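Here the chain labels run A, B, C, D, E and F in written order, and each chain numbers its own residues starting at 1.
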Amino acid sequence: MLINQFLLLGAALFSLGVYGVLTRKNAVLVLLSVELMLAAVNINLVAFDRYFVDTEAAGQVFALFVITVAAAEVGIGLAIVLLIFRVRKSANVDEFDLMKL
Amino acid sequence: MIEPPSEVTETSFESYAAELGESLGAERVVARHDTVRIYVDSQDWVQTIQSARDNAGLEFFSWLSAIDWSRDVAVGDPVENPEELEERIEVICRLSSVENGDGAHFVSVLDIEKPAIDSLVPVFAGAEWHEREATEMFGISFTGLPNTDHLYLPDSFEGNPLRKSYALLARAVKPWPGDVDVEAMPDASGEQDQNEEQTMGEV
Amino acid sequence: MILTDWFTMPENFVYSAIGVTMLATAYRVVTTRNVVHAVLHLVAALAASAALFLLLGAEFVAWTVVLVYIGAVIVLFLFGIMITRAPLGVETELSHPRRIRIPAAIVSFALFLVIGSTMVGAFKDDVIEPAPQGTMEFGITRTADVGQSIFQRFVIPFEVVSVLLLAALIGAIVLARKDPTEEESEATGTMR
Amino acid sequence: MIGTPIFDVFSTLLAGVNHASRFNDGGALAAGAWMIPVVPMVMAFLIVFFGKRSPWKGWVMATGTMLFVAIYGMALFLMNLVEGITYQGSVWLSDVGTTAFGVLNVEWGWMVDGLSIMMYFLVGVVGVLIFWYARGYMEDDVRYTWFFASFTLFAGGMLVLVSAPNLIQLIVGWELVGVSSYLLIGHYWEEHQNSSAAIKAFMTNKVADVGLFVGAIIIGVSVGSFRFSEILGVVEGESGDSTLAKYAFWAGLAIFIGAMGKSAQFPLHVWLPDAMAGPTPVSALMHAATMVTAGVYLIGRLFPFYMNDLFASDVRTVIIIVGAATLLLAGLLALVQDDIKRVLAYSTLSQLGYMTAAMGAGAYTAGLFHLFTHGFFKALLFLGAGSIIHAVHSNNMSDMGGLRKYMPRTFWTFLIGSFALAGIFPLAGFWSKDEILASIQYDASHGGGAVASTVLVVAIIGAFVTALYMTRTVYLTFFGKYKGDAHPHESPKTMTLPMVGLTIGAVGLGALNIPGITTWFTDSLAARFVAPGDHHATSIEWVLAIIGTAAALAGIALGYRLWHRDAAIQRDRDTFRIPVLYPLLENKYYIDDFYMGNIIRPVRGPLARAVDWFNSHIIDSVVNGAGYLARGLGKTVYLFDQRGIDGVINVSGFAASFAGGMLRLFQTGRVQHYAIMIFAGTVFLVVGLIIF
Amino acid sequence: MTVIDPTVAMHLSEAAVSVELETADMTINIGPQHPSTHGVLRLVARVDGERVHDVNPVIGYMHRGYEKLAEVRTYAQITALVNRIDWVSGFANEVAFISAVEKLMGLEVPDRAKYIRLILTELTRISSHLVFMSSYPLELGATTPLMHALREREHVMDLIEGVTGGRFHPNFNRVGGVKPALGQGASTKKMSQDLPAGFLQATSDAMDQVAGVCDDLDELVTGNEFFQARTVGVGFIPREKALEYGLSGPNLRASGVNFDLRKKGEMVLPYDDFDFDVPIGSNGDCFDRYVVRLQEIRQAMKIVRQAVEKIPAGPLQAKVPRIIKVPSGQAYVRTENPKGEMGYYIVSEGGRIPYRVKIRSASFSNLSILPWILEGALVPDMVAIMGSLDFVLGDVDR
Amino acid sequence: MSFWLLLVIKVGVIVGVVVMPLVLGIIFGELKISAHMQSRIGPYFAGGRFGWAQPLADGLKFMQKEDLVPDAADSAVYRLAPYVVLMGTIATFVIIPFGPDLIARDLDLGVFYLLAVSSLGTLGVLMAGWSSGNKYSLIGGLRAAAQLIAYELPMVLAVVAVAIQAGTLSLNGIVEAQATTELFGLNIHLPYVIIGQGLGFAIFTTAVLAELSRIPFDMPIAESELTMGYLTEYSGIRFTMFFLGEYAGMIAFAAIGATLYLGGWWIPGFSADDNLMNFIGPLVLIGKVLLLAFLFIWFRWTWPRLREDQLQTLAWKWLIPLSLFNIVVTAFFKVVF
């Protein structure tokens, strides 16, 4: 197996995630797209782990960390979306424009 | 034939009825057949019932309904002397005491054309359903009733079924055999005659 | 390595199947017009990534993805979506209009080209080597090794991550709970 | 050797006990002093968890803790008076290893020397009385148990701070005090202004804490250790070219900034008046013994560092100026307050200014002695104020008046506290204030120069102002007619008894350090590892004592003139003019008659009229004018504080928002638009890197 | 007498707090076809997650217009109607109506007839309560009590069937007494002719069986921690509310009101002759309503055992005319139905047909408290509370 | 024979030969046991004696029923949901050891795999609940998800204690560890439920009851409240799949419980190395599975169900602290002895 086949797959997945983050209106879907990007990162990490033959499996360990952080991110993200939904009655990111006020 | 039922069953019952009526300022008190009826002016309706609850110990709300006294009777038997009848609607509310089982019916006479009276819901929350039922069945309007949706009947139903003027559709199509039911059976046997003889003879 | 060689290796068939599934489902994640469908497609994409990890011999990571992502994160997503009443059927208001979608597509495709070309330029046709003796068993990383690595070399990041999780937990609770109502605050008197 | 059995157990458990330096062994008592900070800390948590079920819902636990501290502190204090203790015990919690600046160890320790013993005593004794008082005061509070838990934590944090043998532990205690003060100031968080006061106090302290951190880091890096004994050891064995000496000015300044925050020195004093939002016992403890004294304590702890000419002696000029400014400005502010607690708050500021100025003047003993005596009478005043507030359900003096009749015990104790604060002769405040004046004078003649001389004048004016506002407070509160709505009543015994106890302290503690007669306090403070190196008076400076007393008496006299009449009329500013002028005008006619009948009639000339005119206009208006000036100055300072300083902040905020308003024209406010730009930028960057 | 524990109400509110996540409100239609509505009742409930905001009960799906029908039927015919009002306690419905007619006519019913009425009423009570004992645990998820309780109910139904010939709708009362056994005259003196042979022994056996199942239920249900967790402190009805809404029967007594028409009020059946207690609840929660009913089964068994021993010989019917005409007058007679106060207000203008019959049914009033009691409850509690009120839709809709 | 082929054959054999008959057997057992608990006879006619073929007949009947998809439903998700549920359950059988060598794949993270795979069922239930387009279904699905999340935690923690005591995550390793655990240095070997993990077993069993949505934790399908919860709209073959999934899950968890706590295929008195175990091991495990399954059935037919908030209280306030305590105690003894 080539290392690049995994890296390219990861790049494609990442780009799809980026596309999702850029185009989705619904905040939950934006979060989902971020998950895609993180998954792409994980693929790269594990692939590099195998490629560089790390005796300490650092790539895998960091993939685990990424997963953990992603879980934390989803928890907080959903809580924020829920809060905004409660306040603004909408999960539309276009309306999260407090930065402009 | 049958003797008229005894007017007075117990003196204590009579005196209880009189006392109760007096204490509540009733217009008229009727006590027969173990049933006390206290006539109340419709203006004093809520006030009297509240005072019955608070002062006379009648804190149990049993039921609320009405009687349509009408000359124009579509089904069933009319009253005995229709010409003498004063057409009216009587609202009846039954309260009782949970201490000793006393109870009384509070009656208020309403105009049959536009029957209206104050709602009892502020006094007895449980009156709501009874009043809704009376509203749809008799067309009485209860002032202050929070919810006047039909309780039993479909929302689109029109008319007040328990009014005497409301005809039973089934009855119009096919007369009820009740009229013949009480006649002697065509093949009444001797045994039945015997029975009849026994009962009729002694009464 | 030429393409025909590549196709003679059986694991590359598995890889191709996984890759196609993954890209297809990921595409649906970012384009579908129903929120729940998007989440379910994400499940498929993540399951595909777990399969990819299995292919790479990273078993522990793979099942962690299943346990944490599919078992917990996605369920949380679905729970959150459904509790705020996800509509059945198609919604139109999920994506931006074409005015934004097209530049976004261009940018993300350019990003893919940049990353891809860099990768290709850097690694060319390097092959993933078999692992040295002692770290792998049947081409699968031993879980014990991963565990040792976490608890020896990476113990501080591990602790940091655990604190982060705790903070996220508390933060999520704080964010999601209702504020105390007015009556509650009035109930307590003040005296200085 | 190590004495108490308890300590044996403890030392067996934690085998790494290290007795770094024991110059004058305090014996078992000193070795066991680790309990002083630890017991309140532990108890604070126990109260949180078990308080509600314990007797008196946690009060017994809290007060018992403080009683323990008080008794222990008292024992140490007495022992120290007799023989002087210097003891330092520590437990090495962790050996972090070699760092960029040497071996760094985390140490938990306890210091038992003159300075910390004084603080143990102060916190313990004042604390237990205030805790006792708080039972009555907080009786109906909804968060009664929680209050005592945080209150215990507050005292515990201070004790951690005081017992710290190194800067790190000191910062831990420092922050504990900050956090628990935040909890306590915001105790009635249901009202928005209270919670914002808590935040204000916390944030102001945090700003100052940056200074402390910077200073601590500079010192730690320079010395290679955070321990006071080693830092001061470097100072003592100085040669002038140590790393510490190079950065000493900045380190000293930074640490002083930290101290300014906690001790609420101008211009970082803003949080303290607002901190009155907390319950009164909190204010009392905070002002008397725990929080605001921390800054002075810190300077005292590092005193040799500030005294040494090779090190941070230049900072002392800053310290003395800041102290003097605070003492005057705050004192004037106290003149125009209506809220009784705010009067006391500004008074605390003013007194802290005295302490700071004394420290700046190099008067270690004087500053700490004032801290010590002030702790007692200020706690007394606050408890008195709390008692009044409890009675009339208002903080405003315009709702009080005439309470002397209703609350005799409160009145007398409050009056004694006021006299002590004003520095009236035999009371504790007189001795400590006199000592400060003497020290400043000494400094003025020994290198302090013009600055110190000016400060001396300011301090004397401060004494005058102090007496003035305390007189005003007493008059408006206890004399005249009652103006409130509630029915005032004497507070319960649980509240008045602690006040009586504090009164004893406010009266008698001056005897500890009467220059030339008793030197107990001086001696006890001198028990240190490194000599503080200060000057302290050895005999009464008669001139200064008389001047100081005269200033105080003048303040009282003026106050009497201005406010002794019915306070209901006094507080109305429009009618204020008349009652002051009226008797004078009347007097004029008396004098006129007198002179007409006996002297002037024979003379009959313009001279008599000129004298008359001079008498009625110039002299009277000088007297009046002094009063007005004081009030006006106070008002101006207040306005400057509110408008000027706040205005600068507002302008900067406005500028930022204006700039932002300009910038927002370039922004859509939508994250995703930015994200597109970011990713596009990334792509361009990479492409550019590849191409070029 | 009775102490209503305030902590009970606290328990209820505590239970309600635990679901905190804010969600969109959802309107749920429970019924008309739903496992826990006991027939065709529809509840329009607005729920937020598991919390019920408000409930609007919609009834009338079974409205048969008995009050109107009664205006066109003879008294004998109405007897056949009224036992269909509350079909799980058919016999008990008849007694009140017949007694009201008898009161208007001034008839004195023979003692034996009264005893038979009483025995059958109490058997009906046992049967009705056993239905509750089976269905209520079922609503809380326990299936086994259903089988046990219904099995023993069959023995009771057999007894009723043996006497009246009908299991649900006996139509056994006649004006002036009860129906004579088939082929027998009304005034027969022989016992075997009105009660089936071996009735005494059969009753005693059946009562033993029922006593057995009561003990079983005590072990299987009453003492079960899960059952108590679901019912104790749930659906608390204070005494005042119970009276205000006209709750009667076991529901009222569970709220601590000592009111039983067998002990107080107009005595149409000779309950004075028997030794029995009226079980009273103390907390007014679902558990109390359950326990009160369980105890009532035991008390009813006690009455039945005594009555079967004491039953006097004598005629079954008073002398009544062949054609029953009721003199004009108004009378209200109420009896203690298993569900509560069952009353008939008969207005007669003379003749074979009543002018107006007002039927006061227990379940109607018992159910009317639903909107009040379900406000703020949880969805599972909604089922528990509804079930504990033990209503029958025929009794509600009439 | 290639690795993958062997794996497929093993899974096939285990699922087809052991699990499915066991499922039918347990369904039949539930019918009969419940009948006898309720003084009924139960199935009697199908298959001649005792009605043994009743589950088969039921299955056949279900297959003939129309596979309804409601109009309001999200058809694709609705159709997929039963498979997801069944898949999650079936996948667990991969690592259940029926003997020293009778195991499809002895993963070295066996228990971890198990927890990962069994969480898939939650997803299926949520899918079913949402896609039915029915409010009862939705509430049922949400309840199921909340419940499964809440009970996964105590289950994991209970299993962690076992893993600590055994020192391995592999299920076969755990069985062998039980076979070699010595009681007080005597040469007595007993299952973990007796040595050390009694509390853990109680927690595990409770959590399994909740995971399986069985009484007293069957709120997701509480028929008196939610008609049938997330199953309301399902009919025919898809309902059968849920049904099979439920019972297969019961067997899977019973087998895991038996392996973790009751010694799996090993019985005291035998050596774990004994080749005999390859022959009697499956029977021993099935016997233990039936024992546990009987326990579940017994609970099912005697208790009422709890309320949703009581269930959460039980999980968060009792089971999780208890299981943490269990871990601490286990770790303590592990270190000390």
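Just so it is clear, contacts are C-beta pairs under 8 Å (C-beta built on N, C-alpha and C of every residue); 3 or more make two chains touch, one makes a residue touch a chain.
Note that the structure is a prediction, hence the values are computed from the model and not measured.
Traced through touching neighbours, the fewest hops from chain D to chain F number 2. Ranking all chains by how far their C-alpha centres lie from the centre of chain A, first place goes to B.
Of the two interfaces, C-F and B-E, the higher number of touching C-beta pairs belongs to B-E. Spacing of chain E relative to chain F, judged by their CA centroids, is 44 angstrom. Taking each chain's centre as the mean of its C-alpha atoms, chain B lies 84 Å from chain D. Chain A and chain C have CA centres that are 6 Å apart. Chain centres here are Cα means. That of chain A falls 52 Å from that of chain D. Contact with two or more other chains is made by residues 21-22, 26, 49 of chain E. Residue positions 18, 22-23, 82, 94 of chain A are each in touch with at least two other chains. The touching residues of chain F, counted against chain E in their complex, run 34, 37-40, 135-136, 139, 142-143, 215-216, 218-219, 222-227, 301-310, 312-313. Residues 664, 667-672, 675-676, 679 of chain D are the ones touching chain A in the complex. Across the complex, chain F is touched by residues 34, 36-37, 40, 43, 59-60, 63-64, 66-67, 70-72, 74-76, 78-79, 82-83, 86, 88-89, 137, 142-144 of chain C. Of all residues in chain C, those touching chain A in their complex are 1, 6, 9, 11-12, 15, 19, 22-23, 26-27, 29-30, 35, 38-39, 42, 45-46, 49, 52-53, 55-58, 60-61, 64-65, 68-69, 72-73, 76-77, 80-81, 84, 93-96, 100-101, 104-105, 107-109, 111-112, 115-116, 119-120, 123-129, 131-132, 134-135, 141, 145-146, 149-150, 153-154, 157-158, 161, 164-165, 167-169, 171-173, 175-176.
By the touch criterion given at the top, residues 1-6, 32-35, 37, 59-63, 65, 67-68, 75-80, 92, 94, 96, 98, 100-101, 103, 105, 124-126, 128-130, 137, 150-154, 161-162, 164, 166, 168, 171, 176, 178, 181-182, 195-196, 198-200, 202-203 of chain B touch chain E in their complex.
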